[in-house]
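So that you can tell them apart, the chains are marked A, B and C in the order they are listed, and the count of residues begins at 1 in each.
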């Protein structure tokens, strides 16, 4: 059993590394993702202007930007394979679940790297002073994992259709609404300085969402992948 | 001893029936050439055989020494070379080869991988991104990738496409070798190429 | 035979809804909409469940009949969700003063509409029937799984204006007066039967159209 686990994890890592390599060389998603987020933040900041926003609204804006960033950048991990006709080699090579995990982790890292750039920018532009950093980072982390988990499986579905990009947002929104709603609340609670344990409900919720979504994705992915 | 059996395979795309009630049995060592006019479904049939496409009806059964292998295990038996299946253009030849063989549990050292590239005539081009290759070189690389995993059944869709004379010679060698150790199933428009296979199956429109 | 019973039942419901005293005196006559709006909203959720169950059966059997059943249920569900939203906002405009307030129940029915809409958007983006059936079945299941999370999140994020305990309170006891129950529950039953009847009709019509196309 441990041998198998090692075997699986080397494959997941191999897929993950290949995605990183491909992405690094083409900057296909990363560039547009970063620019998209920066532009969105800028537009929001300009639109808000001197108007004073309360913490709830600012927290909401952060997650709106992250949501649209995910829609813009997390689907290409499957769409690129379909469009460039490289899917079949992957279909032969490894068990579908390993492929899903490799791509999921890639999407996750992509999102994290994006956040390293955009979250500080957000905090500066909107003059947000976070009081409880540990809660803030925990919600940011878990919310991102939640975003990535649902988006990855929907991206797999959408990559098999004719419409792709637009469809991704339409299909993902109902599934991601729980993550967005709770993350916004948790972020706000962290910003105003509540102690960590008052955000526990939000954290538990996000963890259970992630577990359920990833499990469902793993169970359903093969069906989608083989179409 | 490997056997593959197609039971009542049909495939429909929407309203159009590509083929129906295909029944075939092959036992290794075996070689099959699937021929037929354009649109008769040769590529589709090959992809159904190796599990890339689901048949509308029917089953593909693979048995090793009489024991049937479950569908999850089918994947490991095949390798395919086809013109509508591409390699990763931003990766080098060596990287493509290494990636795909690692996923298929074929652990090769870099020296071994380089040797495989040399065997298909790509010596010196190992570290070039595949996007810069000519179509003939890409085809050769596809062969290298297909063989690196030592497949029991080799599927070839239009085996000689994009190959120059030297490449065709290489391909013939590969087919002969594969016939000795396993099975070859190829699809072609060129009647001459049926000589590579012991059996022929004709698809009609 | 049962169609006659259904007819009598629904006629009774419609008449009684107007003859009986209004369910909630505080809100006046318009609260009669309760007899229709609430069952219609519950049915739109039931249709979602039926659609999802048939989607699962399709994935297991690959029999296109289940895809037909699943998408037909979703069509009716979409219609009922739309009717629930409209009847709800009419009621809202009279009781609360505006047509739309992002009250949690309103948000929920709206999200349900979005899910149905997404489901059909997905279907229309795929040409091949089997692919269409498979992918929309997967989405049906995924969106159904998201529902418990949505139910938890929405009340926490949005404040409620809805008459919360008009049907069943926290202890799951029926809080309606017997007179109201006499009209409400038959209405619920009647609408449910209506749903299954329309659903089976829709499936049969689609099957007949398919045959006609093929032949």
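Just so we're on the same page, a contact is a pair of C-beta atoms (placed from the backbone, for glycine too) under 8 Å apart; a residue touches a chain by one contact, two chains touch by 3 or more.
Given the structure is predicted, the values throughout are model-derived calculations rather than measurements.
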item	value
If a chain touches chain A and chain B alike, it appears here	C
Highest C-beta pair count, chain pair	A-C
Between chain B and chain A, distance of the C-alpha-averaged centres to the nearest whole Å	37
Chain A-chain C separation of Cα centroids, rounded to whole Å	32
Rounded Å distance, chain B centre to chain C centre (Cα mean)	50
Multi-chain contact sites of chain B, meaning residues that touch two or more partners	54
Set of chain A residues in contact with two or more other chains	227
Set of chain C residues in contact with two or more other chains	127, 130
Complex interface listing, chain C residues touching chain A	59, 111, 114-115, 117-118, 121-122, 125-127, 130-131, 134-135, 138-139, 141-143, 145-146, 149-150, 152-154, 156-157
Residues of chain A that touch chain B when the two form their complex	7, 10-11, 14-15, 18, 21-22, 25-26, 84-86, 88-95, 226-227
For the chain B and chain A complex, residues of the former touching the latter	50-52, 54, 72, 75, 78-80, 82, 84-91, 95, 99-100, 102-105, 129, 145
Chain A residues touching chain C - in the complex, by the definition given at the top	150, 153-154, 157, 160-163, 167, 170-171, 173-175, 177-178, 181-182, 184-185, 205, 209, 212-213, 216, 220, 223-224, 227
Footprint of chain B on chain C - complex, ascending	127-130
